[in-house]
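Please read the structure below before turning to the comments.
By written order: A, B, C, D and E. Residues from 1 in each chain.
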Amino acid sequence: MKFIRNIVEKAKVPFEKGGKLEKYHHLFETIDTLLFVPNQTTGQKGVQVRDAVDLKRFMMTVIIALVPALLFGMYNVGYQYYKAVGLTPASSWDLWWVGIQRVVPIIIVTYVFGLFITEFAFTVIRKHPINEGFLVSGILIPMVMPPTIPLWQVAIASVFAVTMAKEAFGGTGMNVLNVALVARAFLYFAYPGQISGDQVWVYLGNHTPVDGFSGATPLALAAQTLETGQNVVASLAAQSADYSFANLFYGLIPGAIGETSVLMILIGALILMVTGVGSWKIMVSVFGGAYGMALVLNAVGANPYMAMPPEYHLVIGGLAFGAVFMATDPVTASQTETGKWIYGLMIGILTVMIRVLNPAYPEGIMLAILFMNVFAPLVDYFVVAANKKRRLKRATV
Amino acid sequence: MELFNLGIKSIFIDNMIFAYFLGMCSFLAVSKKVSTAIGLGAAVVFVLGITVPVDWLVQEYILKEGALSWISPQFAEMNLEFLQFIMFIAIIAAMVQLVEMIIEKFSPALYGSLGIFLPLIAVNCAILGASLFMVQRDYTLAEASVYGVGSGLGWMFAIVALAAVREKLKYSNVPDGLKGLGITMIITGLMGIAFKSFIGIAI
Amino acid sequence: MSKIIKLRKGFDINLAGKAEHKVSDSQHANTYAVKPTDFIGMQRPKALVAVGDIVKAGTPVLIDKKHEDVKYVAPVSGEIVDIKRGEKRKLLEIVILADKTMEFESFAKYSVSDLAKLSKDELKEQMFKGGVWPNIIMRPYGVVADANDSPKAIFISGFDTSPLAPDYNVIYKGEEQAFQAGIQVLKKFTEGAIHINVNGADEVNPIFLNAEGVQVNKFIGKHPVGNVGVQIHHIDPINKGDVAWTVQPAGVIQIGKLFLEGKFDASKIIALTGSEVANPQYFKTYGGAAVKAFTQGNLKQEHVRYVSGNVLTGENIGQEGHLGFYTNQFTILPEGDHFQFMGWIAPTAKKLSFHRAFGLLSFINSSNKEYVLDTNMQGEPRAFVQTGAFEKVVPMDIYPTHLLKAILAEDFDEMEALGLYEIIEEDFALCEFIDVSKHNVQAIVREGLDLLQYS
Amino acid sequence: MQRSNTYILVFTAIMTVIIGGILSFTSQFLGPAQKKSIELDTKTSILSAVMQLSKKDDVLGIYKQRIRSVVVDYNGNYIEKDRKGNPIVAENVNILKNYKMDPKEREYPVYEYMNADDTTQIEAYILPMYGAGLWDAIYGYVALEKDLNTIKGASFGHVSETPGLGARIATQEIQERFKGKTIFDENGNLVSVTMLKGEKKDPSLFGPHEIDGMSGATLTGKGLNAMIKNYLGYYEAFIKKNKHQ
Amino acid sequence: MSAETLEKPVEKAVKEPLFSKRRRKFVTDPLDDDNPVTIQVLGICSALAVTVKMEPTLIMSIAVVFVIVFSNLIISLIRNTIPGRIRIIVQLGVIATLVTVVSEVLKAYNYPMYKVLGAFVGLIITNCIVMGRLEAFAMGNKAWDSVLDGMGSGFGYAWVILTVSFFRELFGSGTVFDFPLFEKIGLANFPTNGLMVDSIGAFMILAIIIWVQRTRNGYVEN
């Protein structure tokens, strides 16, 4: 330990004030602080001991919570691939291997373009420390991408999202919209051909799919019932045995890399809730809002999609992933406890509304969260205004 | 139902700000505080709600080709459409004056905070824009009224949300070159992405 | 007896090194100090003595030129040996080398029954001169009270929930009479009630139990339930324009003694606590005592921090330092100026955290587990990231993050509207402790209070 | 400067007169040019359903030579006067106005495209259409061959479809795809043509009534399908009447 | 904003050259340091909506320059006769008249473009730059100065929206003035960016222009 420390200390010299590489001081500091928690101590007056958590550990918790869904996502990419091209994998390792080959490059591209290029550039120009926020965004961005996404698009989206949605606002903790969602929304609107769900989201490599392969996501199938008029559940079952409710829950279905398995996402949710890093209020209220809205639509029941059992809404598409990992982003969510309930409920309601009532978008969660990101400050504003009013009223009584 | 649909559409989808960039000047200038934004928004809703139907009447019974035939068939050939811009802007200016007087009378506090911005409404492109779009789209009187109020609400919605975001941004470390207008443009753009969720909703 | 107020929010920091219930009278400090920095809000301190002067206990040594009536007096008799100044000749410490036998300035003495006859002005006069006035702190702002105000009520917290806090049963034992006299004096200053807030989970301390003419309120909860600010918020909150006073029990006793005994009695019992103390226990001494005497031969190791007060609100005074005016606690912590390899991610159950983030396993320990914490920052300062945690440790109807941001933006209306009048630093100390972004929250609060008070 | 009310009134009056004068002069002066310009625009879009026009072409000349415009009603009968008894000119029929009426009461213009050599021979029928896209109105002309079954060409326009997506209906590329498709099935039932979802770009993949879709613009495609189907339906009586001549 | 508080008419003893240094500044300042769009935050309303392609943007720019120059000129000429109480409406009247003329001309000679620009030509009336210049400059300055000032603001506005439209058309449609640039340089399949043709792209591009320009000039808004 001491040995490594010495190396770091030596390497540090040119980066210090007056050193040759002073400009890159914050870059160095990033690496330094990743290796070692610095020896800085508490101030003269005030708190003399500090809580053991810091932002890095905080963010790391989110990453850990993402891991089950990510690993499953890699496996699923391989699974869908073999199913689509009609080959039989020699072992489950083959499935993983396909997934890794596809997913890891996406992650690398995200980090290289988002973190190493954009973020570092801003660090050097604006002389602020690198923030840990991108550690999480860098994993989240690949997880909301379909496995078929071209790498150049991932690169552009990462640069766009980091620049416009984060650095323009001053960096981690200052942004108004969820960075990963901005990346996805950017692609969604900039290059709708690849991501809007018109095309198959199953990674095929250079192969052509087997006959009768459709690769349609359950969400797309559900939306199609608007035209066919079939019952959603029956239509899903007819498509493939894989689209049973249980399987939708386990997640061996086509979809964006990280969002298919509700089971794995719930494991992540558990981690976030136990650690208190993610707000359980938001998660519960998103699910609740979606379920409630689905019930309302059931009651209307004007078309088969409206009549879809509410629980299906919770397991298809990205709702679970969004609710657990995106909506709970502490920076962009509502910041008051009362506000969190409203924020979550609205996301749930809007998601189902967009899905069912807006034929332009098969998936609603992404836009619902972005929309509520925009309105979270307003929700907070009114919650805080109520607090102020209480105080004022008390004073005049 | 049709009207309801049009209302929703004019608030969320054909949003004055995000779809047409209208009323940007005051949108950017008066969005620093939520309370003022609400006041200005309400004033815009009011002015739009009145001027669009009034402009509709003017268009229908005075300006349009053959519109004057209600006076006498002789006038059927008359086409006063070239007076459209000037008539509309005059009506808007008059309405703004009216709103100004009303606010001054009933809410001096709001008048105090909005005072300098009220004349801005006259040159708020959203107002004139809504009237021109109304003509372009050949709305009926009922549609024009709904459209006027809807566009106003959409505009208000946008400016209030923007104001809340900007209040939050007070604490952010925005790059110097982006402070003020720049970051507001970016927020507006990003908000536009979020507003897109409503495109295509038909109830 | 009034109802019990239960608060759910808060966090108890359970540290190793609680003081044993044993009061030692064996160690005596050589020097004592009066520190202007103890008195927040003292704008222009002026020393009334010079090096070499001889003073008695109760001799004025310091005043604030803004409030010249209020005297700050020597805790002990002896010779002024040093007047320390810092940058810009800022007055830091007036150090007194104590005599072997204590000599007191004498003030008028009264019996309990006489006290009731004194007018407010007479009381005020004696309190000013006798050096006990600074015991009265006003809210808002948390500064020494202005005698021209008439507070709507006076609040006394009868227990301390801060980490390793001294037990009031020990430090105020047998002071019933002086306490009651002090209450009687204070009673003259307010039309409203004198509230004594006690720990509802415990036996009521006899000195509070028998106090007359007071309103006793019971509180149950985690820290900061013992903070008088939190208690005020739940009994009779401070609104804009309100003034309330707060006094520590020690202050009440000191006031009482000034009138009963006719002298400024700075004697107090302090708790010597902290994981690095070999034998944590209580010491009898005087306010402003040099701490060296208590720690000599009583430490487990030398690389430690000397904290006057508790670990949340205290001050690093160093080995040669003197205790503060208000404190009755002295804490020794291990210094944390070491690098921790991969410390931000390594799993551990030894570190205490309010959060249960990855690898921080302290939440699986039993709640009785006592932690040894050092002074490391445990990370680097970052932008504010709202985690919703602040809200969980401030048991008041206040939005801490919004309030802090309002202060940072210097938005006066917002600060007022969000309740800055109701808090002082200590109420937000836990926020500072748990902050993942490692901000100096208490300094921000003071900044805001200063802004409101002086501009 | 504080001015008297009289001054203000006089000033306003003078201003009004001047402005009014300028505006009516402009309007009078430019009126004919505007009429011509609008006429040119309408005729260009009608013609573009059957031919490629370049800026150099004498649109009005070609139009005069090759187009014979008539108006029919819902039952396929020629009409010459509107309900008020005024003569109808096909080019002046306001499609948008008509769109808001009951289909049975509308006036339907038909532009008959004559053979270049023998201007008595009809070569194609150009039918105007109007409908709703994703955001706002879409409109256009579909030209049917003499057999009134095969599509000879089409031209579409839109008010505000998403640029790059739905707005592609106004491009040559998309309009070309309609050529040669048929609107009746083997049994002689009107089935119209359908733009599919998704874009494959391989012409061999599509049936006689199917048209390759526009990637990412399914909804505009749907609107387009509905518009064509509806209007072919309105013209069905006319089409059937003239089909076997 | 009242006319009195603004730039005072400069008194001159000697006849000033037509393009004196002071006057040149009227034209050059708004191009960069005092740009009406990027610095003063005016006139974005009607402009951004037409910047999807360069051609309508160019027409729009010309129209705005025309309106701003002539309204400045007219108001400056009659500035001493306008009664203060109705000056806003007089200004609006002048602007609306000029805009109507533009619109009528466009309708007569370029009908397709008239259709593309639609209501946005009319919206020049409410373009804050025009109103702003009238109030801030023409009401208190001589005719020639006002014309120069109008040109400055008009061109300042024009280059910004032309730049915006250049990027929007290039990335959004792959063309420049409808010339298929990417196709010609062998990138026929260059994927066009849907956001660029959307209003969002306009906001982003304008924000970046502002960012770059202000950073370069060191202008910071409070």
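Structure notes:
One rule holds in what follows: a residue touches a chain if its C-beta (ideal position, glycine included) is under 8 Å from a C-beta of that chain, and two chains touch if they have at least 3 such contacts.
All of these numbers come straight from a predicted model, not from anything done at the bench.
Following the contact convention of this document, A, B is the list of chains adjacent to both chain D and chain E.
Comparing each chain's Cα centroid with the centroid of every protein Cα atom identifies chain A as the most central. The count of contacting C-beta pairs peaks for the chain pair A-C. The chain with its Cα centroid farthest from the Cα centroid of chain C is D. As a whole-number value, the distance joining the C-alpha centres of chain C and chain E reads 64 Å. Put simply, the C-alpha centre of chain C and that of chain D have 84 angstrom between them. We define each chain's centre as the mean of its Cα atoms; on that basis chain B and chain E are separated by 21 Å. The mean-CA centres of chain A and chain C are about 46 angstrom from one another, to the nearest whole unit. Multi-chain contact residues of chain B, defined as those touching 2 or more other chains: 82-83, 86, 171, 173, 175, 178, 182-183, 186, 189-190, 193, 199-200. Counting partner chains per residue, chain D shows two or more touched chains at residues 19, 23, 26-27, 134, 165, 216, 219.
In chain E, the residues that reach two or more other chains under the touch definition are 93, 97, 100, 104, 194, 198, 200, 204, 207, 211.
Chain pairs that touch one another are A-B, A-C, A-D, A-E, B-C, B-D, B-E, D-E.
On the side of chain B, the complex with chain E involves touching residues 18-25, 28-29, 82-86, 88-90, 93, 119, 122-125, 127-129, 132-133, 136, 175-183, 185-186, 188-190, 192-193. Considering their complex, residues 13-14, 79, 82-83, 86, 137-138, 199-200 of chain B touch chain D. Looking at the complex, you find that chain C touches chain A at residues 13, 15, 237, 239-242, 305, 307, 311-316, 331, 333, 335-345, 348, 351-360, 362, 373-380, 382-389, 391, 397-399, 401-402, 417-419, 425, 429, 432-438, 440-443.
Partner chain A is touched in their complex by these residues of chain D: 134, 165, 197-199, 215-216, 218-219.
Contact residues of chain E toward chain A in the complex are 191, 193-196, 198, 200, 204, 207, 211.
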